[in-house]
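Taking it in order: structure first as structure tokens, then the write-up.
Every chain is named by a letter (A, B, C, D, E and F) in the order it is written, and numbering of its residues begins at 1.
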Amino acid sequence: MTEHDVDQYRVTEAPYYRPVTDEVDLYEAAYQARMPVMLKGPTGCGKSRFVEYMAWKLGRPLVTVACNEDMTAADLVGRYLLDANGTRWQDGPLTTAARIGAICYLDEVVEARQDTTVVIHPLTDHRRTLPLEKKGELVHAHSDFHLVISYNPGYQSLMKDLKQSTKQRFGALDFDYPEAAAEAEIVAHESGVDSDVADKLVQIAHRARNLKGHGLDEGISTRLLVYAGNLIAKGIEPRSACTMSLVRPLTDDPDMRETLDQAVATYF
Amino acid sequence: MTEHDVDQYRVTEAPYYRPVTDEVDLYEAAYQARMPVMLKGPTGCGKSRFVEYMAWKLGRPLVTVACNEDMTAADLVGRYLLDANGTRWQDGPLTTAARIGAICYLDEVVEARQDTTVVIHPLTDHRRTLPLEKKGELVHAHSDFHLVISYNPGYQSLMKDLKQSTKQRFGALDFDYPEAAAEAEIVAHESGVDSDVADKLVQIAHRARNLKGHGLDEGISTRLLVYAGNLIAKGIEPRSACTMSLVRPLTDDPDMRETLDQAVATYF
Amino acid sequence: MTEHDVDQYRVTEAPYYRPVTDEVDLYEAAYQARMPVMLKGPTGCGKSRFVEYMAWKLGRPLVTVACNEDMTAADLVGRYLLDANGTRWQDGPLTTAARIGAICYLDEVVEARQDTTVVIHPLTDHRRTLPLEKKGELVHAHSDFHLVISYNPGYQSLMKDLKQSTKQRFGALDFDYPEAAAEAEIVAHESGVDSDVADKLVQIAHRARNLKGHGLDEGISTRLLVYAGNLIAKGIEPRSACTMSLVRPLTDDPDMRETLDQAVATYF
Amino acid sequence: MTEHDVDQYRVTEAPYYRPVTDEVDLYEAAYQARMPVMLKGPTGCGKSRFVEYMAWKLGRPLVTVACNEDMTAADLVGRYLLDANGTRWQDGPLTTAARIGAICYLDEVVEARQDTTVVIHPLTDHRRTLPLEKKGELVHAHSDFHLVISYNPGYQSLMKDLKQSTKQRFGALDFDYPEAAAEAEIVAHESGVDSDVADKLVQIAHRARNLKGHGLDEGISTRLLVYAGNLIAKGIEPRSACTMSLVRPLTDDPDMRETLDQAVATYF
Amino acid sequence: MTEHDVDQYRVTEAPYYRPVTDEVDLYEAAYQARMPVMLKGPTGCGKSRFVEYMAWKLGRPLVTVACNEDMTAADLVGRYLLDANGTRWQDGPLTTAARIGAICYLDEVVEARQDTTVVIHPLTDHRRTLPLEKKGELVHAHSDFHLVISYNPGYQSLMKDLKQSTKQRFGALDFDYPEAAAEAEIVAHESGVDSDVADKLVQIAHRARNLKGHGLDEGISTRLLVYAGNLIAKGIEPRSACTMSLVRPLTDDPDMRETLDQAVATYF
Amino acid sequence: MTEHDVDQYRVTEAPYYRPVTDEVDLYEAAYQARMPVMLKGPTGCGKSRFVEYMAWKLGRPLVTVACNEDMTAADLVGRYLLDANGTRWQDGPLTTAARIGAICYLDEVVEARQDTTVVIHPLTDHRRTLPLEKKGELVHAHSDFHLVISYNPGYQSLMKDLKQSTKQRFGALDFDYPEAAAEAEIVAHESGVDSDVADKLVQIAHRARNLKGHGLDEGISTRLLVYAGNLIAKGIEPRSACTMSLVRPLTDDPDMRETLDQAVATYF
């Protein structure tokens, strides 16, 4: 077995997280029952932050993996590396998490190839095992181990979706952007602007979010609002800050840009 | 030959399994005749649990492989690894099972590439051999070795199906969700809720299963019912527990969600 | 040159084979002329058994390779392996067979990629050589070496067929299921049921084979009949045995299943 | 940790850069806020030069990566190399930049495969970390590290675009060819021709840029104008210089070539 | 440089070859001019035999490569192998031929991937060099080296054809089946049947060749005629021999088989 | 740094090259300005010969790479090889050329994958650097280094074309077959036939070139004319020589062959 540096996965400071409804209680019950959890919601609405917060609250280490379509099962499970004395097994992040009893967070799991998603099956039912087939070892997960995945329903196509046999292994929590007052509180807290500026930024975001599906693929995320606030706090003129942070990253369509520019001009 | 740690594959405790019809007798006869067996049925209806139960009942070790489309024949059969003294052969799970006389269970075999399914052919007829072509060895299977595969007919497309020359090497057993009373008994036993709550959960599942093919790809599995029961047993309000476990994992369609929410509201 | 353990390829006991027409004589003449042979016919009708029988009759070792679409030329010809002293060449099964004068049987050769089928060309004409290009060696086949391939015409699509330049290197023998009396004799001999039961099983098979192309991709093979006989001989009720062995493996279509069930019910 | 030769990444001489609007101020504020920056604009309009200039102005080393569709995450992050004493980890350019506090410039990031773009996610939010999954190390970026990507909106197709979850991690700056006077100044400065010739070259470019979307995929870039100026400064007759530098590289269509030739003939 | 065992490539005995027109003279002149040669014609008409004959006549070693679609440039040019002392370069067959001054015969070159065909370009013009890019060596071909490729025009599709820039590097010779008397002479000589039987076999072939494009992809080759003669010479009844050698390998179409059977019955 | 054997890349004898217009002067000016150059034109019209000539005239070593669609960036840039003492870096041809100040000629660059073409970008602008990302080294090109690519516009499809961001890094020179007198001079000089025969060969070529796009993909190249001249000079009858060299390599279409045969018959 590989030595694991557990400390690097500890969440040592309480992350700033503002609960929306009963998601903290539900997660805790799911964790007690060791029911795997799937977080659904759009980009930049706080899913990663929530997992970090729960890891801190539950006192568990957190192992995060950003999934992508070129990731193989070996990237999760581990592989043999060549050493001075021949090959040495190197646990992958999923195996590490299973051994040390961490929360393992597979971010945007639907991006991964099927072998990644199938490899988690025996960890998500009563077996709670992870077969390392290349090593001939059957890892029994630490009793504190918990699996969380995120999933953005807006992205799924027919070609790229979780299989039913995967979906039916998870309880699911929906996430969305926080309501206006909460979001403004977050923007002010994170960027350092006053509540008046934060309110205005949130209202611009609301206008943009109404355009989702009408020319915009996705609305302005809370994260982009914080970026705009950051620039304003550094002394950049608010319109320029909004153009750079809220308009240009989102779209190259001239009409859409003008609509968004006008939304900015309404408030600043 | 590789040393095999047989004990890690033993099923030491009797798994909870509630027989439906004569499947236990048929499996035993098939095992006596060493006829390979194919289990057909939907996700989460108990196929894996059945194999575990039969392995326990017959006193054979069990080697399970979750198949996936990136799995190669080498993942089943084995490969050479680099060692301090050069290369060392590492048996794959199928070879291990053939040597130690285990039941080898290839879960969702149709997901695997053809080389995986063709590699089992000589193990499934009178030869009962496994050629390790890369090693130049012809493994004669242990007389207790038995091969079982699972197969979900609902998933098969024209592109992805077993070849006739593979199908004609197996006897087949059909599986489905247990009938209501049996399923409620299972849910109560596994989750710790009382029989009244278990009955209600099963009735919600029946409503959802009627929607299969009418907006849902697959109905609510027994496994998800157990999850819902788990949350309720941890003190979560039943509606929230059902939303998290039975509704949100299954679908993102607003109409379907509402239909399922109403089914939940009818009982809780 | 690699040491070859010839004995593991010997067919030590006379396999049970019941000749149909003059196929044994034709094969022997082809073998004398070292004309490569192609066996054509459906799944489970006895092609593999025939090759085994001929190997035993001619006293030649037999090297069998189950071809698949992920098999590379190196899987047939050989490759370099890493050893304590650097790389070591490992003959593949085709090279082994060419060196030791075995019959090499490439089962379902059309499944293999083209490099597999092209690699056999110089072994199948007057040259009888196998260039190991990676090793820089030109293997001259042992004078007893013989190449046999099998080919199921029912499977071929436009995308996957032997090239004319490959076909024109083989004499061909057609195979089909044996006629009724012979097949019943085989089923009784292999499964241990009496001739009455064997006759009934064969008649069920004849009904199913008439459905080929009318809802069934392929009829019931002799192998499946033997499986059904096996179960009956173990004391399973004949209808259950037939359902498990002859109906469910073949089709998931409800109408087809009913038609086959009725065929079973006519006899048992 | 690998030793890094930071000096080779230093921009030691002030690059020639002529600001267009407030892009230098905006970049500096974004850098202070460590907001990742996306540069949008056509080929050869000065995006790479701008990043070089900002690296010099801010006194940070610069690590540039020309992205392409065959680039893997390992090309950015690093990999194990075989050494006399076994394997040795080699940081990739992104890891190097994160460790030494450089500006990392991913040129034409949209060309890269998704694993490249997803791998930057944890470096672009509050975490500022880079998980080296193969090494089992979580790199915390140097506090001076900054990420810049470039993006040519004209190239994006539906198949090849940044994901929304990537876009929403960047502030964006638009780039375009400089206005006429500024561009002539640049051409004269870089190629050594006098301002009269430079003016003419810019006016030819303006004519060609009007043809963009009307037979030309892209207009004449500033870089090509400098090349034409270079040839003229070496004594080549201006028309020949323009044909070689401004017409023939752009198009093989005879009509377009004639149109462009006439534009050249108007000025020289 | 690798040691080459030239002797294994020598054609030590005069191959049986019966010239058709002036192909021997043309080849000799092309060889004197070191003009690369392309042989065009159907399967089994004697192209490989002709090259063998010319190699013997010119006293040059012969290196033959059967091309296939999985062959890489490295399979032709060479690669590094791992040795006790690190890596060792292993020349591929093309490099070997270039060094020892052999005739290199690339059989069915159009099957190979483009990198194979492009790699021969510098060997086929005035340069006569072969860059071993992985080794950093530029091989100057031995002055006796000659390149020959074969090409079956009947197989070419739009997807798979030689590039014009490859074609224009070769002189071309057309091959076809020999006229009747010559072919009968060949069949009698190679199989041991008398001239009467050989004549009949050739006449059957002529009937089949008329069906090419009218239900048959390709006619009966001279090679198959020799096979039929072989079986007859071993005492097999002529009709059976023809069925096995001339009919069944060619087609599975019942009508075509009957037509060919009747052609056989006309003569035997 | 790898030791480079510069001498093997020297062009030691003046290649025979007959200038057409001002291409030699333009190339020299481009070389002085270190402007990368793109040569456009059909197969076999003298592009490679021109580069060889310029390398000789400018006294620079010449590194030529025949690009193909299986070539990777590593084939150009270099890779680590395993050595007795671990890995050793091996410069690829592009890196070699950049270090020794050679002219690097990428022949048919459009055949290569995009990573090949993107890898040259930093060598083709003011940076003149080549990042060896796998090695962590930034190569600054030798001041004499020059990059030339060739490109056949007739081949380009929508799928396979240079990107605009690549095209706009090169000045371009058009090439075509020489006019009649010059071409006859070349054919006579290279093949040894007299000017009368050379004239006739060129006139046959002119007839064939008029058929381009009317049944022929490409006309007869100068290279093929030289081949025909070679055969005639070896004593082959001119019609046979033309059939072998000018007609059969180009087309298998019977009508086209007849048309070309008649063109030959007009002159010989």
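By our rule, a contact is a pair of C-beta atoms (placed from the backbone, for glycine too) under 8 Å apart; a residue touches a chain by one contact, two chains touch by 3 or more.
Since the model is a prediction, treat every value here as computed from it, not as a measurement.
Student: Just curious, how far off is chain D from chain A if you go by their C-alpha centres, in Å?
Tutor: Each chain's C-alpha centroid was found; their separation is 30 Å.
Student: Find the geometric centre of each of chain B and chain F from their Cα atoms only, then give the gap between the two centres in Å, rounded to an integer.
Tutor: One centre to the other, that is 60 Å.
Student: Per the centroid of Cα atoms for each chain, what is the distance between chain B and chain D, given in Å?
Tutor: 52
Student: Could you pull out the residues of chain E that touch at least 2 other chains?
Tutor: Expected reply: 82, 85.
Student: Draw the chains as dots and join the ones that touch; what shape do you get: line, ring, star, complete or other?
Tutor: Contact map by chain: ring.
Student: Taking the contact definition as given, in what order do you meet the chains if you travel the ring from chain A through chain B?
Tutor: With chain A as the starting chain and chain B following, the sequence is A, B, C, E, F, D.
Student: What residues on chain E touch chain F, complex-wise?
Tutor: Checking each residue of chain E against chain F gives 22, 25-26, 29-30, 32-33, 35, 38, 40, 72-73, 80, 82, 85-87, 113-115, 118-119, 121-122, 125-127, 131, 133-138, 153, 156, 163-165, 167-174.
Student: What part of chain F is in contact with chain E in the complex they form?
Tutor: 2, 4-5, 8-9, 43-44, 48-49, 64-71, 75, 79, 81-85, 90-93, 96, 107-108, 111, 152, 155, 217-218, 220-221, 223-224, 227, 230-231, 233-236, 240-241, 244-245, 248-250, 252
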